[in-house]
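For clarity, chains are labelled A, B, C and D in written order, and residue numbers in each chain start from 1.
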Amino acid sequence: MLERQNIQTRGFHNVYDEDGNAIGFQLCFRSTYYKGVWLSQVRVGDLIVDGEVFSREDQTWIINDVEYTPDEMEKLGTIHWHILDVATIVVKKPGGLSQGYHDVTVNFGTVSSYGPARFAPQPKDKSEWDKPFPIEVFSMLAVREYHNRMIIV
Amino acid sequence: MATPAIKGPKRGVSIYSYSGEWGVTMNLEDCFKDIYDMGATGVEILANGHIDNYPQPTNEWMDNWFRLCTKYNITPVEYGHWVTSRLYRGIMELNTEESLRMLKQDIILAHRLGFTVLRTKLGVIDWILTPVRNWREIILGALDLAERYNVCMCPEIHQPTALSSKMVADYVEFIDKYQTKNFGLNIDFGTFQNVWSKDRPPIPGVPEDGSPCSYPHELRALLPYIHACHAKFNNMSEDFQETTIPYPEIIKEFVDGGWDGYFLSEYEGPHKDEPGFVSEQLKRQHVMMKRILGY
Amino acid sequence: MLEYEGVQYKGFRNLYNEDGEAIGFQVGIRLITYRGAWLSQFRFAYVEVDGEKYRADRCTFVVSGVEYTYEETFTLGRVKWPLDEAMIIRVKKPGGLSQGNHTVSALYGEVASYIPGDAGEIDETRTSHGHSEAIGFTREMIIV
Amino acid sequence: MQAQQKPGIHRGVSTYCWYPLYNVNMDLEDSFMIMQDMGAHGLEILADGIIKGYPYPSKEWLNKWFALCDHYEIVPVEYGHWVESKLFRGRESTVEESLEQLIHDIKLASYMGFTCMRTKLGVIDGKLTPTLIWRDVIRKALPYAEKYNVVMQPEIHSPTRLTDQMIMDYVEFIEKEDTQFFGFNVDFGTFQNKPTPGRELPPGFKMNPSLPEDIIPLLPYIHCCHAKYYNMSEDFDETTIPYVEIINIMKEHGWNGYLLSEYEGPNKESYNHCMTQVRRHHVMLKRLLGE
């Protein structure tokens, strides 16, 4: 099942190599939009934990058991990220996160073909409204939930 | 209770209404149970949202789909899908071949699931929702397949688009030109919205003086082209009135014009993720529609 | 899935015979606890709608698709009302419930051998019953 | 699994922690994910509420059970079940009727990989005195417990104290039967010495809860415990139960087994509250255990 918010509390833990060394952490993330998107429509931004920034290069996303880099995802127009499938975001960080509370922000966006207004800032100049919009029109959403409530055990 | 074969407007629900609870507190069977409680008999699903493993559902999922339709006496009415024009970074309009690949995949899947109407969402190129420039080529290329599988592709006429707009005239012209039964219109009742919150920011294409995008009487000439409607609603009062859209006038046009098809409820108001809230709103809306229609 | 509340909204509707006449209504209930109940340990007092109480003599109880009278449940020590399933109570009421709003509550519980007390019928004077918490047992619901 | 073989005190969780949310906001796999997040491998289930189709789960469900345990590194520790004495109106269950339930649960628990059972007996009074036929029922079930290698354990639960006559009776029975297949699960609520915020202490407990050292003579008979918690503070402290003393005593005496988290505080209907409380509880346990 899904937790209501984008960032799931279930699935938040450090990840370890075979020798038991923490090499990073993972968290589960779902789209709360009403439809799924093709992987090529996903835009991955910075993931921020307690002010520390992990860029898209530090992240891989696991969707339906397959792991992708953000670049790989942008080329895949026939693989669908279903809204009931939780993505696992795996982040490289030697030593992992410390025990205790963490403040997590995920930046991500999805490109929409049919309703730009929901995804991008609407131009104030009304003469822009019937002109074709720029190609990469979408808003990066900063999802920050459960401030100080995500706990690493 | 056996559903009488009604000719005229029939009541249905779009699963879109349950988006806030989907997968968290409700699954497909929960939605069907709720719809059955309302005595509604039609459903719209959004393929990209409600079909597990879309676009390749498993046989188990298909079996369950038909089991639910039978158990709850639900007719698959409308299959919502998208022709995703901005599929790849840097490309504004997906080429016609690839658009057709997507569209044909959905026509076949919709038919396999028993649907007869497709809510075919085309990509747009500007803020007032002008469709992609190659829409005619895309639709034309799919007409044969749609005829073979007996489905009708319908763009949704959605606020801010007006019934009197050039966009609608273009669609009607296309239908008349090709004399096709496999392309038509879905009217979203939001286009009739005539009550707004006071501090509404400007919406591109919506009249700024508070008047609606469209008036109910404009439906009359379009009825033959309409294959399903989104019974959009924003707020149902406790005494079963929609407070922002003139439902009695709208429904009267459909009844007087002898229109046959489904009104599919689409809730677009607040509190969608509060368990039970939407269900309550839907039940109020169906009390209203049942009173107006008499069934 | 289940709704959190004891009285379930899903499933609340009128019941009809073959001629299309309303002969009653139905409503689902769930156990807000950590285990299901053997039917012999099920205790039921009433379903109440808008102040009118419908007791066991006007109700039947559907578990996993099978309908039982209250008396039939007394001896069913090997039939489970599973925790993840709503029990549907079908209530006889010619004409059914009217269209519109209704206040619906239900008083029911289960006997637990490891909790002190007799295994008799529900004490209707108490606000909580069995060991279920008295939460969500009343809801405002609409008949369409 | 590695965690199981190492001697010492291990962490686990009882599905009791989230019972009102189960089937509403979460399912079995979700609970396993939470345990994996916390590195808490030991599991107690309440058989009746968790096993789909209990008491006769399908082959499909059991296959899913084993696959999930394997995937999330879950160690099935304790199988919570009930011997219903008040099954039928107007009379207590017979020894045979009780055994029928008990033996079936022994077999199912063993098949699912559990090594302990939380065997809840019917009670006859407000002091939780067990049904008078308990010795007969347990004695007749012992050969089955031995054959299927699971330990039956009544739970010692507030208001029962570790010094009560009931405990003496159980110890005497174990010694007399010379068995390793009957023991106790001590619920830490018996040590509660401060009230849960917003609630009263149980009657009698204001003056005289079980003391941590009361557990010492009983340790050989205890195979797992309910690590009850009512209120975890923001700085990872349980405010109502003397955890530091209890855990230190158990460590000093070399007790081996699982502590199974059992949340019994307020706001059980709030998902986020329960999840925050259980993570705080495991931060505390991990620190106390020196993990």
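Convention: a contact is a pair of C-beta atoms (placed from the backbone, for glycine too) under 8 Å apart; a residue touches a chain by one contact, two chains touch by 3 or more.
Not measured: the values here are computed from a predicted model.
Counting C-beta pairs in contact, the pair that comes out ahead of the other among A-B and A-D is A-B.
Inter-chain spacing, taken between the CA centroids of chain A and chain B, is 29 Å.
Between chain A and chain D the centroid-to-centroid distance comes to 39 Å (mean Cα coordinates, whole Å).
A separation of 31 Å divides the Cα centre of chain C from that of chain D. If you average the Cα atoms of chain B and of chain C, the two centres end up 37 Å apart. Residue numbers of chain C whose C-beta contacts span two or more other chains: 1, 3-4. Residue positions of chain A with contacts to 2 or more other chains are 1, 3. Residues of chain B in contact with at least two other chains: 24-25.
Taken as a graph of touching chains, this assembly has some other topology, since it is neither a line, a ring, a star nor fully connected. Within the complex, the chain B residues that touch chain C are 1-2, 25-27, 30, 33-34, 36-39, 238, 240, 275-276, 279-280, 283-284, 286-287, 290. Residues 1-4, 32-36, 38, 40-41, 74-75, 77, 80, 82-84, 111-116, 119-120, 133, 135 of chain C touch chain D in their complex. Of all the residues in chain A, the ones that touch chain D in their complex are 1, 3, 9-13, 99-100, 146, 149, 151, 153. Across the interface of their complex, chain C is touched by residues 15-16, 19-20, 22-24, 46, 48-49, 52-55, 82-90, 93, 97, 120-126, 128, 131, 269 of chain D.
Only residues 1, 3-4, 9-13, 16, 20, 99-101, 142, 144 of chain C touch chain B when the two sit together in their complex.
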